[in-house]
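Below are two complexes that have subunit A in common, paired first with subunit B and then with subunit C.
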Partner chain A sequence: MWVGRRLRRFEDAALLRGEGRFVGDIASGSAAMRFVRSPVARGKILDIEIPKGASVITGRDLEGVGTVMPLLHRDDFIAVEQPVLPLTEVHFAGQAVAAVIAPTAEEAEDFADQVFLEIDPLDPVVGLDNALSPDAPLVHEHVPGNSIIDSNMTTPGFTEAFEPAPFKVSVDIRSSRQSAMPLETRGGHAAFDASTGRVTLSAGTQAPHVIRTAIADVLGIPEADLRVVAPDVGGGFGQKYCLAVEDVVAVWAARRYRMAVAWIEDRRENFTSSFHSRDQHYLVTGAFDDDGKLVALEADIRCNVGAFSCYPVTCGVEALMAMAEMPGPYDFREYSVRARAVTTNACPIAPYRGVSRPVITMTLERLMDEAANRIGVSEVEIRRRNLVTEFPYTSVMGLVYDQATYIESLDRAVELIDLDGFRKEQEESLTKGKYIGLGLSTFSERTGYGTSAFAARSMDITPGFETVEMTMDPSGFVEVRVGASSHGQGLETSLSQLVADELGVRPENVRIVQGDTDRTPYGWGTFASRSAVLAGGASKLASHDMRAKLAAIAANELEAAVEDMEFSEGSVKVRGTDVAVEMSKLARIAYHKSNQLSLGSTPGLSVSATYDPHGTFSNACHAAVVEVDLETGAVQIRRFLVVEDAGILINPLIADGQVHGGVAQGIASALFEELVYDENGNLLTTSLMDYLPPTMSEMPLIEIEHLVSISDATITGAKGLGEGGAIGAPAAVINAINDALRPLGVVLNENPATPERVRRHIARAQGA
Partner chain B sequence: MKHQVTLNINGSEHEIFVEARKTLADAIREECGLTGTHLGCEHGVCGACTVLMDGQPVRSCLMFAVQCNGVPLRTVEGLADGDDLHPVQKAFWEHHGLQCGFCTPGFLMLATSVLEQEPDIDDEALREVLSSNLCRCTGYQNILIAVKAAAEEMRG
Partner chain C sequence: MKPAKFEYRAPRELEEALSILAEVGDEGKVLAGGQSLVPSMNFRLARPAVLVDINGIGGIDSVTSSSDHLVIGTLARHVRFERPVTDGPLGHLLALAARKVGHRPIRIRGTFGGSLAHADPAAEWCMIATLLDATMVASSVRGQREITASNFFKTVFSTALEPDELLTEARLPLLNPAAKIGFVEFSRRAGDFAIVAASSVLDVEGGRISTARIALGSVGGTPLRSPAAEAVLQGNVPSGELFAEAGEAAAGDVEPMGDIHGSPEYRRDLVRVLTRRSLQASTEH
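Then we have the complex of A and B:
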């Protein structure tokens, strides 16, 4: 068996030698495109002055080019249209207004500095609270109240359950605006090929097929005229999933001027103009009965989505996910929710690892801790009384939860972190004036969902399925072409392991091809913790078809029954005998002696399969131990534990790496990272020095234990796990801080808990 | 105005003509065609562009090519000896010290210089040095494990 082995990755051989090919490497030497960006958050474009000798593209040049307008088909959604380059008005500071093309990046930058944008500034709408105030200006005239989505749902029995409940516990949770901040910024290289008339766009993207559709639609060209390649991609975390208008301009220019041109964003642009996320405010009240059972939940969800809607998922993605997945791993039957996607003059949002679930989890887990205090039960007991225990379970929003280990992971985490021991230590510490705290975070992670889940959001473009094409060539090597598009997740290795087991070959003999619209079947790319489940599932199905073809040829060769064919170590054997034939010989026959194939079988060895499941839920319990320095407000994480269940792990080495990276981003959300706008809508955090991503010094050792649920919601038994770390960690850390500071009466429901913010809360609690 | 500069990278000489404002990183990537050295910020913060200059780690985005005339430089492309990977490369591979691989060249160069200069460096000092570079994918845990394993291997 190859599945389950900690195989080192095939991807690494080139990356370790500096032989990876990232967009910036492909771009090296070609003409450069530099964007001139709006210096103000909102204003009317009066004039664009172009310096002598510069070639500059503005909105006027893009005549006939469409706009970007992702759609949801629902009454509570208002579509907004984003021009590729604006003609009349700018909507956020950093919005691309013009593009300069020059032979080198330096010259393009020089010219871009000389392009003068004459803009008449208008009053911008900055921040959620301002946008929702009754006298707020409108960001888009046709969007009343600045609410692009305003969705409501109340179960019929809500009031009856909510009103009489003896305990009402409220939390007011704010999450700051954050950036996924991949270490490689965005970029694209568009090259025109005169011999075919096609353009090849090499772009840092997570979804090459989706991007091709988007660009072809906006430019009004056949998709066949465009090839999109995702070369090595230096991290994405969601930021590289949605369409970059800059890529549209690059492809347009490559076609128009029959040239090769590249735009490579600098770090400042990545902060001002690449998708942000998680600027959210939730007001949630839980109604608990005398036993601490949550009977009803009321939620008011507000997401600041910025100026436009991201393609293809739309800016509804955060609000609608929050609405649907708010119940998390907890059982309650009555729910009243209002979810709004609020437009402001800020950079647009897009999904970032976990999307709304880090905030959902922080909300529910703060709620559980606060309820435990009010009702007088332990933080473990309140969770045990409310976690879902029977599967399959259908949530109040109609989501079906498959087999999972909610209670087991909680119990195991409590045991491993030694909660009782910790409480004693905490008491002692307090007598010495030391404030330490422990926080738990129990959550589920919906992964690997197909079209049915996306259709529930009424998306015009409904992602979900994944198709795999598999070929065994005449030499017996297997090529697997997938629509998923890995960018650090090690998909090439894990899929090879899976296919190797299915076909009885070695993983080295399986090559995974991805990230190229010319070579791979239409697929949705890599996001939403989906690739192992979906591309894995489709690979498994394709392998079955491949086996059937090989078995038929082998049975014929070995003069035995097809049912008796057994696949192992590169051969096909007659079960219970040592009569065998090598797979490479079968491959030769399939191609070169097809005259010998039985009637009705086609020459060659090619199959294809599609997988489109409803989805599955991974789950985990995180536990954090922190120490808070009252003087400085600094929070130090002393221990961080993850007990998680993602079903069967294809490659535990890669799986643990995903947990580490996710937890790091979760801790970053909880303690450090924040995008700050001033009151004029200018971003203040425009460098890594201001944004403060954690270094090794800030990261604790992460202890991981895996549990394994066997779920039939996924045909490989693998559940996704790419996002879990980021989903659970903020809640664990914020709960731990609250636990540490409870003796002082501090309640902190905001992230990041920067020293300054922690100090402010302490001072407020002390009445200073 | 362009200046003639000789960059000595991994033992090979590259004669280039560059403007004074050309950074070392851009010269290595564009003029010498060695694209293993990456740019994550161009502000001296992320360390993806780390190369060794006379054995010392430097941020090549903060240096100008004209400052490096004739100085021995090492980049990620020079780490392996033919098919034999450097112990630091091997350890990163074995311990999954990279995911997207964008920060990796910078970390490899940083770690190599530390271990060459201070083979017995203790954990705390090592963490401190490795904190000069940023990685967005790994959470650093496996990078630390890999560098410690390489240290052991290099001590023999």
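Then we have the complex of A and C:
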């Protein structure tokens, strides 16, 4: 068995040696495209002055080019149209207004400096609270109340359950604006091929097929005229899932001028102009009965989605996910919710690792801790009384939860972190004036969304299925072409392991081909913790078909029954005998002796399979121990533990890596990262001196234990786990801070919990 | 994020460097370790017409002790100070500070003189120079002059150096072998510029503080001494209460500016805490 082994990633050797091939490598030597970006958050474009000798593209040049308009088909959604380059008005500081093309990046930047944008500034709408105030200007005239989504739902029995409940506990949660901040910024290299008239766009993208559809649609060209390649991609986390208008301009220019041109975003542009994330505010009240059972939940969800909607998922995703998945791992039957996606003059939002679930989890976990205090039960007990225990479970929003280990992961985390021992230590520390705290975070992670799950959002473009094409070549080597598009997830290794087991070959003899629309079947790329489940499932299905083909040839060759064929170690043998034939020989027959194949068999060894499950839920419990410096407000994480269940792990080493990376980004949300706009809508955090991702020095050791649910929601038994770390960690850290400061009466519900914020809360509690 | 066009000059002799600086005047900028200048140029915040790279000049990176001073050549790299460069409290103080200068790759390239000439009010060496009232030696074709720290730092990123002058060395007074030194910094992450930094030197004679020096970083346009806190300490017996009182006095002495990493109020809070902690740490060594 290869599945379950901690195989080192095949991808890493080249990356570590600097032999990876990124857009920047491909772009080397091509003409450079530099974008001139709006210096103001909102204003009318009066004129664009172009310096002498410069090649500049503005909105006027893009005649006949369409706009970007992602759609949901639902009454509570208002579509917002985004011009590729604006003609009349700018909507956020950093929006691309013109593009300069020059032989080198330096010259392009020189010219871009000299392009003068004459803009008449208008009052910008900055921040959620301003956007929702009754006298706020409208970001888009056709969007009343600045809400592109305003959705309501109340269960019929809500009031009856909510009103008489003895305990009502409210939390007011704010999660600041963040950047996914991939190590490699965005970029694209568009090269025209005169012999075919096609353009090849090499882009840092998570979804090459989707991007090809988008660009072809906007430019009004057949998709066949465009090839999109995702070479090595240095992280995406959602930021590289959505269409970059810059890529549209690059492809347009390559076609128009029959040239090769590349735009490579710098870090400042990545902050000002690449999709942001989070920026949510939830007001939630839970109604609990005398036993601490949550009977009803009321939620007011507000998501600041910025100036435009991201393609293809739209900016409805934040609010709608928060609405649908708010129950998390907890059981309650009555629910009243209003969810709004609010447009402002800020950089647009795109789904970032976890999307709304980090905020959902922080909300529920803060609620549980506050309720435990109010009702007088322990933080473990209140969770045990409310966690879902029977499967399949159908939530109040109609989501079906498959087998999971909510209670087991909680219990195991409490045991491993030694909660009782910690409470004693905490008490002793307090006598010495040392404030330590422990925070728990129990959550579910919906993964492997299929088309049925996305269709529930009424998306115009409904992602979900995944197709795999598999070929065994005449030498017996297996090629697996997937629509998923790994950009750090290690699919080349994990899918190889899966296929190796199915076909009885070694993983080194399986090559995964991805990230190239010319080479792979139409697919949805890699996002939303889907690829192991979806591409894994499709690979397994394709492997079954491949086995059937090989078995038929082998049975013929070995003169035995097809049912008796057994696959292992590169051979097919007759069960219970030593009679065997090497797979490479079978492959030769399939191609070179197809005359020997039985009637009805097609020559060669190619199969294709599609997988489209409904989805599955992973789960975990995180536990954090922190120490708070009362005088400075600094928070130090002393211990971080993850008890995690993603079903069967294909490669536990990769799974651990996903947990580590996710937790790091979760800790970043909790303590460090924040994009800050000033009151004029100018971004203040435009470098890595101002925007502070944690480094190795700030990261605690992360202890991980895996539990294994056997779920039949996926055919591999694998659940996704790409986002869990980022979903659970903020709540664990924020709960731990609250636990540490409880003796002072501090309640802190905002992240990041920067030293100054923590200090301010402490000072207020101390009456200073 | 590519620099604007510039001319690159790389003199091999000090005299040559000085004559280039005299020739280009305002248009020129000296490249030492480049750890601040190069990012500024890439951001196009700095656009020097001529970059004068002094890295090829021999003999200006030495660190030597005289009878009463430590003499630091301008090109001495930060990393050099991670271990004490001289016996006694001064070497120890510099080592404490050096480990807070950026990250290791920055310390390997960045220079002592470059940091002083850049005059970031949050920089460790600027605070140390202020704490000890170091003497800076500026050289030009016109000759050499000495400038004390209190006259050297003018405001944020601004010094008493004339455009044609090169900071060639810094002289730090050696400390009393029994001097008690303290150095603490508060930053969001390891290696970041301090939100507030505090340092102190105490001489204690007969159980009483005979001289006290306190310097603060990142609380104004230049590093600052705190006369009020020093006065609190002077002549008194070191104790936790006294140090807390000094912290209060230091907080009253500053008018910090705010930025996204810390408001004026928060910085003042930190001055109080860090001044006390620096003094406490100094007596615990």
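Heads up, the rule we're going with is that the second predicted complex is superposed on the first by the 768 of 768 C-alpha atoms of A that agree within 3 Å, B and C clash if a C-alpha of one lies under 4 Å from a C-alpha of the other, contacts with A are read in each partner's own complex, and residues count from 1 in each chain.
Methods note: contacts are C-beta pairs under 8 Å (C-beta built on N, C-alpha and C of every residue); 3 or more make two chains touch, one makes a residue touch a chain.
Note that the structure is a prediction, hence the values are computed from the model and not measured.
Q: Of the two partners subunit B and subunit C, which one touches more residues belonging to subunit A?
A: B
Q: Based on the superposed arrangement, let me know which partner A:Glu109 touches: subunit B (first), subunit C (second), both, or neither?
A: It touches subunit C, and subunit B stays clear.
Q: Contact-wise, after the overlay, does A:Pro755 reach subunit B, subunit C, both or neither (first, second, both, neither)?
A: second
Q: Considering only the touch criterion stated at the top, classify A:Asn152 as touching first (subunit B), second (subunit C), both, or neither.
A: Neither subunit B nor subunit C is touched by A:Asn152.
Q: Touch test for A:Ser475: subunit B only (first), subunit C only (second), both, or neither?
A: It touches nothing on subunit B or subunit C.
Q: If you stack the two complexes on chain A, which partner ends up touching A:Arg267: first (subunit B), second (subunit C), both, or neither?
A: both
Q: Please indicate which partner A:Phe672 is in contact with in the superposed arrangement: first for subunit B, second for subunit C, both, or neither.
A: A:Phe672: touches subunit C, not subunit B.
Q: Once chain A of both complexes is superposed, is A:Met689 in touch with subunit B (first), subunit C (second), both, or neither?
A: Touch partners of A:Met689: subunit B and subunit C.
Q: Thinking of the overlay built on chain A, is A:Ser697 touched by subunit B (first), by subunit C (second), by both, or by neither?
A: both
Q: Just to be sure I read the superposition right, which of the two partners does A:Thr389 touch: subunit B = first, subunit C = second, or both, or neither?
A: neither
Q: After overlaying the two complexes on chain A, where does the subunit B footprint on subunit A coincide with the subunit C footprint?
A: 106, 266-267, 687, 689, 695, 697
Q: Taking the complex as given, what residues does subunit B use to touch subunit A?
A: Listed in rising order, the residues of subunit B that touch subunit A are 19, 21-22, 29-30, 33-43, 45-46, 48, 75-77, 79-80, 85, 89, 92-94, 96, 98-105, 108, 127-128, 130-144.
Q: Which part of subunit A faces subunit B closely enough to touch in the complex?
A: Those residues of subunit A that touch subunit B are 8-9, 11-13, 15-22, 24-25, 28-29, 106, 181-185, 232-235, 237, 266-267, 487-490, 653-654, 656-657, 660-665, 687-689, 693, 695-697, 699, 701-702, 725.
Q: In the complex formed with subunit C, which residues of subunit A make contact?
A: Touch residues, subunit A against subunit C: 105-106, 109-110, 113, 266-268, 631-632, 634, 672, 676, 684-685, 687, 689-690, 692, 694-695, 697-698, 754-756, 759-760, 763.
Q: In their complex, what parts of subunit C are in touch with subunit A?
A: 1-5, 43-44, 186, 188-193, 195, 260-263, 266, 269-270, 273
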